[in-house]
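A, B, C and D label the chains in the order they appear, each numbered from 1.
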Amino acid sequence: MLLILSSHSSQAEIDALTAHLVALGHRPRQVRRRISVPGARALTLSGFPAVERAIDIGEPYPLVARAAEPLGTTVQVGKVAVGDGGFTLMAGPCAVESRGQLLGIARAVHAAGAHLLRGGAFKPRTSPYAFQGLGADGLDLLAEARAETGLPVVSEIMDARDLDRALPHVDLIQIGSRNMQNFSLLKAVGAAGKPVLLKRGLAATIEELLLAAEYVVAAGNPNVILCERGIRTFEPALRNTLDLGAVALIKRKSHLPILVDPSHATGDYRLVAPLALAALAVGADGLLVEVHDQPERAQCDGAQSIRPDRFARLVESLRTLGAALGRRV
Amino acid sequence: MLLILSSHSSQAEIDALTAHLVALGHRPRQVRRRISVPGARALTLSGFPAVERAIDIGEPYPLVARAAEPLGTTVQVGKVAVGDGGFTLMAGPCAVESRGQLLGIARAVHAAGAHLLRGGAFKPRTSPYAFQGLGADGLDLLAEARAETGLPVVSEIMDARDLDRALPHVDLIQIGSRNMQNFSLLKAVGAAGKPVLLKRGLAATIEELLLAAEYVVAAGNPNVILCERGIRTFEPALRNTLDLGAVALIKRKSHLPILVDPSHATGDYRLVAPLALAALAVGADGLLVEVHDQPERAQCDGAQSIRPDRFARLVESLRTLGAALGRRV
Amino acid sequence: MLLILSSHSSQAEIDALTAHLVALGHRPRQVRRRISVPGARALTLSGFPAVERAIDIGEPYPLVARAAEPLGTTVQVGKVAVGDGGFTLMAGPCAVESRGQLLGIARAVHAAGAHLLRGGAFKPRTSPYAFQGLGADGLDLLAEARAETGLPVVSEIMDARDLDRALPHVDLIQIGSRNMQNFSLLKAVGAAGKPVLLKRGLAATIEELLLAAEYVVAAGNPNVILCERGIRTFEPALRNTLDLGAVALIKRKSHLPILVDPSHATGDYRLVAPLALAALAVGADGLLVEVHDQPERAQCDGAQSIRPDRFARLVESLRTLGAALGRRV
Amino acid sequence: MLLILSSHSSQAEIDALTAHLVALGHRPRQVRRRISVPGARALTLSGFPAVERAIDIGEPYPLVARAAEPLGTTVQVGKVAVGDGGFTLMAGPCAVESRGQLLGIARAVHAAGAHLLRGGAFKPRTSPYAFQGLGADGLDLLAEARAETGLPVVSEIMDARDLDRALPHVDLIQIGSRNMQNFSLLKAVGAAGKPVLLKRGLAATIEELLLAAEYVVAAGNPNVILCERGIRTFEPALRNTLDLGAVALIKRKSHLPILVDPSHATGDYRLVAPLALAALAVGADGLLVEVHDQPERAQCDGAQSIRPDRFARLVESLRTLGAALGRRV
């Protein structure tokens, strides 16, 4: 059950309502002007003026279900609004490698029309012997690039113990695929309050992704953006299988914005553009794209990174397509 | 190795060439003005004027590889050209159920802008107790609908023994997902010559799909259209997972046209439109869409069938999008 | 609904029963002394003495469900009983390649303790350019090997048009993975009556496998043996993923015998023995194993074929394990 | 490259060797008497007496590759040796729920022959609203059960910040499937030194599992036990697909012990026994089994938990089978 609170209810009225629910054995969680009451199917709340409306959400994730916000949620990341009907472009290198590399790419994607800068300081790598990112030094470089270009920054955090260090430098905290069900980390970013970009796990169902988002929101942070980045299937020709059907379904099931990452989804820079166009057409709220000025020398994921000039051409194509669809890119 | 024959080579020159290849131990297969020489990596053919050019195709499917026809192939189905840069719409019911049902839907999709009529006479069904299609009677009804609307007909054949009966009534022979590696059937439709619509198997890799197409072409029939219709993954929320990355990759790997079937891919009529738009944006050559006037009473696949009015609106959306992409719908 | 007929019911009584069911709108199918009535949930049959018992099978495959034969079915293949509690060994080369090859291997596996000889005359191959089997000549060689060793023969049929030619030479007709849902072929072998070995498709669910078996039985042939041979998953290290959980579940869900093919499941000859032992331990009714005297020269699947001496050692290990489990190998 | 150090080399000799490698630009990691030199393919080390032997491991995980310890590793967990040729039984409830529940089950599995007690204090749950475990209180109860029965305890840690609290109470730290690639956590348990039970991720390849183990070992902790617990596939009839082929392959690829968890693999208590027997037959080093005295009331995973009496019968069956295989259970 989800309770929509009246916009003019007082804190005392809300407290009375919460106390009543607890007394009934429920575990209510308030996020903004909503209270989720997990497991409740029917509640008599006539004596509580704080309740404007009670909705029986037929899903296990009441806070992120579409019924909780039928018009959808806009997540504000710095000056950029994600999910307001526009199409948000987040671009940059897989990993921050050096000052020159990052600043050069940041300027280029800014000039081409990107809205956020992406770049990894902490890199989750399959092998312990692979480049693990520049860590805190990478965060400093991201802050510098942000200061110069004005682009808000999205970067991944893998460990709750790095969160304090990252919060001043990162505008959108990315939870990577491998950590989608790292519930300790989800609770930590839920408590931190900063907007969160939650990537779907390699073998996560749509329901599991939405329940992972519910973890963050239930911990008090409603600013969650989802990201479809390909799932693992039997097909060996591409790195992953991009699931655009999931994007279409999630737009119906949840009010959260959802991005698409065509770079990780394919692992092949030549396929980024067609899948980016498809992501816009299917109704996604934006893209996460890997851009590198020297893909052949990239410390990770070079094969799926496009050069800045190709990115600029992609933005042009997206704008043409967006115009036809009534979407601002 | 693929040999491109000179357009003014004589039959005697071609025969001399073929005899030479056989004498070398090869098994050449001629399709139109191409001869594939499987397994050959280097050939000295200076004395054979029939050979205009020899291409070392680095793929196991020389006849359908993009290198064999860098500009792509157009397959002519009746008056309709598939793969010429336009976007072909094939629409109709999952199964032919009755005269009234088929004719009504045929008229509606024709009016809405469909280019071909789809409809199953022989239905592959998971259970032996499920409706198996009207069989030969269904073929007659399809012929009647074709006569009235002028739309060429696409319909599935499951058994080579039904081929003779189907050839006069069906303009595009569909090989369904479950039969993608029914090699006897592939050889039979290869010999029959009629255009073939080859649907990707539920767990078929892209390479396996192209090798299945190679079976048909190597049997003498170059008129093959591919179809991506969703693959089987762990995700339970949708019937299948539509693999648009495969479409983008196949456009690079092969010269054959490729369609998308958003109905089978999702199993949910509400998701057909967004995925249809995505299919156009990603570069597919057309759609296969299930349309039914009474989906709730359909004998099969009602949940994924859209009504004619929704199909008409979808065509409008596709035309708007196509205009922005420079594609005729 | 499944009706168990009384063992002393007359043909006239059965005919009366059938006519009654048809009059009620049902489509009864009799196989031996059972009549399945698909879709029926409740029937009043008090006036029909032919009915000994009516069982409401809660599965979509009434004829092959365990409830139809709680004690399990034994399928007789020549002199060999499959499914009687013993553990049946079917061994031989992937493909029949030559007289010398086949006879040599047949003698070796016979000496080692195999109960049936396997060998492919018609080979389903992913590429049209790969060796497709010796065809009818291969059948003749199998017949010769059978005559010499006394071993019944199991071999694959891919096309109903080859069935007449194969029936005299083959004791157990194999339907391969790619044809598990080739419903025309299933009906054809259902009508032919010979015992059928039905291999699970690469992406077939357990329910789909049992419904495919139901096709054969509903067509009049109760002699079906199932085979788990690995499913297709994301794991690239092995050819397929052997699903022994499916074997354990199918033993509960169905009364049909089920074999395991560790050769195709792994694609690696070194893993055949441990998985063969596991198949016995989990409760399978036997094995299908590829044995070749010169795996490095095999025309197909050499990497997964074991040599005759290794097969002989495997049989010894299986006998030791079988003794501990109370199973005769 | 992997360097095996001479057993009588001095610390000074080892330091000289390490300094030399660092000077060459390598990043050597010493674990016990082995030094891995990632990426090195050829090294001239004639002047360094500390090196007994240099092995070129053709795998990306030199420390856990079979070639590094051809005879296999035994991991000592309290008084229990895992991987010494015996078959180790770890049993207990999914979650610690109460004192009475845990002690009752602990006594029962001890009496039946279990070697370790399993029980979750911190529970990773898909939904934020599901029971999350008793946390630190659960650890105390596990310690009490250990004190009474003498069984070492295996329990999951999800957060490096809980490690200090858990170390005194837990003998074998479990890393769950969802955290298999939580690299921060892997490094933390690598530094902690306690034996680690590393469960395969739902969609993790065998190589990724071994690289995750390499993370722990490279961080200084050689005491790693692997666990196969089913992978995620298209099959809906069972919770997961148990991959016993992976067990057979990992026994060849790595020297680490590997267990099987038939409870999570199937999600069905009736299938635990047959798959447990198969795990022993395929060569696994032991089992992780969920046992509950009141499965119908369990707070998690009741459907896959067996009762103590069924566990006792399973142990008997395993002993009989083990005797035939020359394995001590």
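Convention: a contact is a pair of C-beta atoms (placed from the backbone, for glycine too) under 8 Å apart; a residue touches a chain by one contact, two chains touch by 3 or more.
Quick caveat: nothing in here was measured; it's all calculated off a predicted structure.
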{"item": "Pair of chains joined by more contacts [C-beta pairs], C-D or B-D", "value": "C-D"}
{"item": "From subunit B, the most remote chain by mean C-alpha position", "value": "D"}
{"item": "Centre distance in Å when subunit A and subunit D are each reduced to the mean of their C-alpha atoms", "value": "33"}
{"item": "Separation of mean Cα positions, subunit D and subunit C [Å, integer]", "value": "38"}
{"item": "Separation of subunit B from subunit D, taking each centre as the mean of its C-alpha atoms, in whole Å", "value": "49"}
{"item": "Where subunit B touches two or more other chains at once, by residue number", "value": "203, 232-234, 236"}
{"item": "Subunit A-facing residues of subunit C, complex", "value": "203, 232-234, 236"}
{"item": "Subunit B contact footprint on subunit C (complex, rising order)", "value": "27, 38-39, 60-61, 124-129, 158-161, 178-179, 181-184, 201-203, 208, 211, 214-215, 218-219, 232"}
{"item": "Residue ranges of subunit B in contact with subunit A within the complex", "value": "203, 205-207, 230-231, 233-238, 241-249, 251-252, 265-266, 268, 270-271, 274-275, 277-283, 320-321, 323-325"}
